[in-house]
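Heads up, the next two complexes both have chain A, just with different partners, chain B and then chain C.
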Partner chain A sequence: MREGEVRIPSGCAIAGIFARDGKRINGRTIRDSIAVMHERSNGLGGGYAGYGIYPQYKEYYAMHIFYDDMAAREECERYLDAAFDIINLSKIPTRPNPNITDAPLIWRYFVTPLPHRLSDSLLDEEEYVVRTVIRLNNSIKGCYVFSCGKNMGVFKAVGYPEDVADFYRLEEYEGYSWTAHGRYPTNTPGWWGGSHPFALLDLSVVHNGEISSYDANRRAVEMYGYSCNLLTDTEVITYILDYLKRRVHLTLEESASVIAAPFWNTISLKGEEEGKRLAYLRKMFSEFLVTGPFSILVGFGGGMMALNDRLKLRSLVVGEKDRTVYFASEEAAIREIAPDLDSIFSPKGGEPVIVHLDEGVRA
Partner chain B sequence: MIRNGSIIQPRFHVHRSTECVNCRKCIAECSFGVHSWDEKNKRMKADSSKCVDCQRCVVYCPVDALSITRNENIMHPNHAWCEDSLNEIYRQAETGGVLLSSMGAPDRKVPSYFPRILLNASQVTNPSIDPLREPMETTTFIGRRPESIERDLNGKLIDNLPPHLELKEPIMFAAMSYGAVSLNVHKALAMASEALGTYWNTGEGGLHEDLYKYGKNTIVQVASGRFGVHPDYLSAGAAVEIKIGQGAKPGIGGHLTGAKIHGDIAKTRMVPEGIDAISPAPHHDIYSIEDLRQLVSMIKEATNYTKPVIVKVAAVHNIAPIASGIARSGADIIEIDGFRGGTGAAPVRIRDNVGIPIELALAAVDQRLRDEHIRSQISIIASGSIRNSADAAKAIALGADAVSIGTAALCALGCHLCASCQTGKCAWGIATQEGDLMKRLDPEKGAERLYNLVHAWKREIEEIMGGMGINSIEALRGNRLALRGVGLTQKELDVLGIKHAGE
Partner chain C sequence: MEIINAKGMDQGDLCALIKKERHLDIEIRNCCGQRYIGCGMKKTRINIIGTPGNALGAFLDGASITVDGNAEDAVGDTMNCGSIFIDGSVGDAAGYAMRGGKIFVHGNAGYRAGVNMKAYKDKSPLLVIGGKAGSFLGEYLAGGTIIVLGLHNPKNTPLTGYFCGNGMYNGKIYLRTTERPIGLSKHLLMNKVGEEEKETILRPVIMEFAAAFKEDPEKILKADFIAVEPDPENRYRELYAAI
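Here is the complex of A and B:
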């Protein structure tokens, strides 16, 4: 049974690393971190998102695409050709791993919108890319675009995260920011698209939890042109964040106050101005409140956000060493790669931890 | 037997056991004149033909000597021409009149969908939440929301929300007019609303001057008769409701008989005493959707844009486009009143044959507004047969922001659904203007019972939400995966937008 045909809840492990000083971190490091939490996955999904990994192509959208067969690839490439200038295309390098099976065709394209098509569309460039991706995923059978941001990329598969890293030769990539995910779905999705991270443009989400507000959130975000084909919580959170950030122009902090809105009695204890601000966000965007347990890591160009549900029903710890920040479901995953930390803490429920590249550092 | 030339046999049979001590309490309690003292035989007797089965005498009999059953006599069995059908024909043959009744449609042949919808709960993958230990939020804000945010020059968010109503629980009291119900009912509703942090609705008969002090919990209604509407009235409430239609009688106006219009009722309605107060079927200044827009604007001008405007419509076949039109009329809130909604008086044929169930109407409207990308701009109140907290939770999961309750509220005040409101003889002191009968309802005690009911429902909704792992009411709103249908056809499931149990 394929992802999207039924709704599959899952438990998970998440991990992240972010170098504020722009230091380049090898993909092996994030693999070592997530591998510690092997028990939190069940081999039915693992993945990574790396930022700053394509410096030579940083002006171009990096499309990572799964194809079921060559026919899907040909159809998709025809479409891509008509919409974009394709600067480079290749298979994503992989190596055989006995635990990773049933691999689809995995291709990578560096593209930029064709100027006349873009101007004819009357859309801004990012919206043009988003709509093209949504259309590809909805209309071409056996084709799934799972990454489409600039200077970043998602690598995911069905398998344990450490095997997924081996399969994608993650040690050949370096970036200033990484997130990772090990999945524990409650039945066999058997399809690679359902693994995390889930990404749109440069926004990527790894997520641990099951959101009880799912269908309220889904039906709300689908009003704005998104289409939740996978029926996963992560997908809906990604779309909500994309909508709030890119379309409504809320800041990340404000978006966090929407999806993990403080309780009304917490708001009433805030100062008048802050209370008003939080009440406004909660009333204005009430349908995007996410309830139920979750911890998420949101990667984006130049930064990362960690956020827990407001009751903190999922574990999440944050450690710091020099200018590097570590995130994980369990402290052990951080200690594995950074045994000697300057500080470590558990963020409170609903309180986002947001990190950015230091001023002057270019991604 | 033939009574007053009528061949109609009594529907009910009043039984009196040997426990009866001839205290004659039942004579005092019955406002329909059923009970009497037979001086000749020195015993109590009952005229069952007058009985409406309001249960007043049964409840108040100090020795439990009374009971009421359906008349055991059976008319010749015939499913096509059942007893009720025949009696209606006899009645019309005798009177030549339009059959009148009250409360909601009782016919069970039209399905009630709430009982065929089941709620979800968390197991294993997601923790349920204990509302006694964890915060559980039922506060609901309803009103219009702008399309986009605005910031000042410093980038700070500007609060650009129009006025909203804040409900401590997503349950409000439905419109019932002064005249149709007694002043004490209004008092009880107003007091209960204040204590609960919710709203009651004046209905179309104006607001008694003693109740202006409850204005912040009052929704004032403007209906086609414009009874009792003046600038102070519009400004007195927290919101103004334009009543276009009512679930019990879509397309039909109202008719309060002159007999009920005296004293304060006439004064509050601003109509002459003793003359029938007739609400026209349409608003004569609204013959099309653009006229509604003008009335909404006029009310907003008159209240200086400080009050949300609600438009209440009956659930009819094309309710979805109607709601869409209302959403674009400048109204802040749409109230949809379903097929089984109650009334103080309606033609039986209209009540039982016009309109559609609230579950289907609500689901269709919520989906249509989403398809048109305007659902987030307007709030929806659903009403018409919300019988318990589970119905309310299901309505919210189908897409309502809040529900309003009329019949359930009256039942909390003692109503036994005898559907005789139109007689004005309500033995429970609810739908009557007769002095002695009105006194039967103590507004303070009534308010306490209303408070208890809604508070109990709120606690049950919290349990339902907690079971699903939801700790805020907005996460339940429109959350249709929380629902499954049982025994419904694919078409019904499609309209409701829910899956069948097991799927």
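Here is the complex of A and C:
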């Protein structure tokens, strides 16, 4: 059974860790954090995004791909070979776990665009990669590129997040930034591609909530060449943020004011200048307003953003200890890995919390 | 007193263990995210060290709960009677739909504190927030009392967020400030609290709050309070209040 075939009317868990000083955090730590919120998921999806995990290949795009069968793999590899220089390819190492079943073939490729193909395309490098990924996902049956950024990677499956970490041997990875998701699919049955995080280039999103505006948002991003084929609403947030950030060059703060635009009467209570700015963003990018309850964590190279919907219909807590910032749906998930925090607070609805690596720190 | 070490314990096991205890005095240590603690309980005194999970004291029916630290979302969800003291802050929707009993929070409350609280026969719920409250404080309030004290607020920022009392049609919200809540609805009235009301209604509550959290009651009572309640001449008439 695939997503989209059945609708199940009904929470999720998200967690993140970000070391501003670039300290390398073991994948086990994020697993321990998300595992506290076991009750928020139902075993139909779990996943992680790690940043800084491939230092030896940091100049190359790391493609993580699910294949339904060998035929899909052969077809995809023919395509990849024609578009990219493949530096390294292998199965992603996994460990059998009794709770993780029906695994697809899971492969990883470190690639760089073939110079002549890239120059012939008249595209910049990132756009070239994005178009290739969209094309692969759209045209090859049984092939899903679910991660394609530099020095980062997504690991996801159908199962509880703690089992997913065990399956992917997450303790063998270390990075300065991690996000995690435990899924409780509310509209659809859940499948491997539909688990979170959803990623494009180095941008990844984990999401707790449900997007009421999904179809309006989907139609809008499809106008700009994206294609929603993973059949989970969260996917569209990834494409909206990629579009606003990479193509329109909005800042993250501005992007947050677009997707979680304040109510008109809240805008009217802001000062003149701030009111004008918010009104402009809301009018100019109205089709990217995301309604319905959500809390999201957005990972990107060198930073992380946390954001709630404007009504704050989902919980989100942010804690800090020294130079490390912790995010989670519930405080307990933070206390599990950092019992003594310097500070802890809940962000307001629609107001992003954005963290970056300290100046001079290299991912 | 019976001590339960909740380290790594499943929420179902923990709740079953608490219910099975014959002791009327329980201390839970190393609590980390277990939900529904004290759910529906009538007599027991429960002291919690750590971070209890969502729906702490849901449907509470007479028991008393104290937490040495923060609590998460939906503290006292639909509680009927009893008391909850949080020596820290609480997440969203504290006191959601409670119809009796009292919740005292030393620190801040998240969004929607006291949403849809109601009074029932001889019962009238009480929610006291020592710090500040998030947006939608007392949304759809149908009865009972909410008090926000704004203590430990050195920058003197507003005590409430947006949409304070939105859709409220009964009950009362007291705020220890003279500032009008941001964007207060035209369906709501705001009045300064007089000395008599302060002495009879607020003083006993503040005394209890101050004794529990070691604050100075006179210092709290010295400041001015305002009260927000529905305008009897101009009630909300629609099912869902617009925002």
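As a working rule, the second predicted complex is superposed on the first by the 350 of 363 C-alpha atoms of A that agree within 3 Å, B and C clash if a C-alpha of one lies under 4 Å from a C-alpha of the other, contacts with A are read in each partner's own complex, and residues count from 1 in each chain.
Please note the rule applied: contacts are C-beta pairs under 8 Å (C-beta built on N, C-alpha and C of every residue); 3 or more make two chains touch, one makes a residue touch a chain.
Keep in mind it's a predicted model, so treat the numbers as computed, not measured.
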item: Which of chain B and chain C A:E222 touches, first, second, both or neither; value: first
item: Chain B versus chain C as contact partner of A:I344, first or second or both or neither; value: second
item: Partner chain in contact with A:E210 - chain B first, chain C second, else both or neither; value: first
item: Chain B versus chain C as contact partner of A:V36, first or second or both or neither; value: second
item: If touched residues of chain A are counted for chain B and for chain C, the larger one; value: B
item: Contacts of A:F263 with chain B and chain C, given as first, second, both or neither; value: both
item: Which superposed partner A:E331 touches (first chain B, second chain C, both, neither); value: second
item: Touching both chain C and chain B, counted on chain A across the two superposed complexes; value: 263, 265, 311
item: Residues of chain C defined as touching chain A within the complex; value: 11, 32-33, 35, 50-54, 70, 72-73, 91-92, 110-111, 134-136, 161-162, 182-183, 243
item: For the chain A and chain B complex, residues of the former touching the latter; value: 7, 9-11, 186, 209-210, 212-217, 219-220, 222-224, 248-250, 254, 261, 263-265, 276-277, 280-281, 283-284, 286-287, 289-293, 310-311, 313
item: Chain C partner contacts - residues on chain A that touch it in the complex; value: 36-37, 39, 263, 265-266, 269, 311-312, 315, 317, 330-333, 335-336, 344, 346, 348-349
item: Touch list for chain B against partner chain A, complex; value: 122, 124-127, 129, 134-135, 137, 139, 141, 145-146, 148-149, 156-157, 159, 161, 164, 370, 373, 375-376, 468-472, 474-482
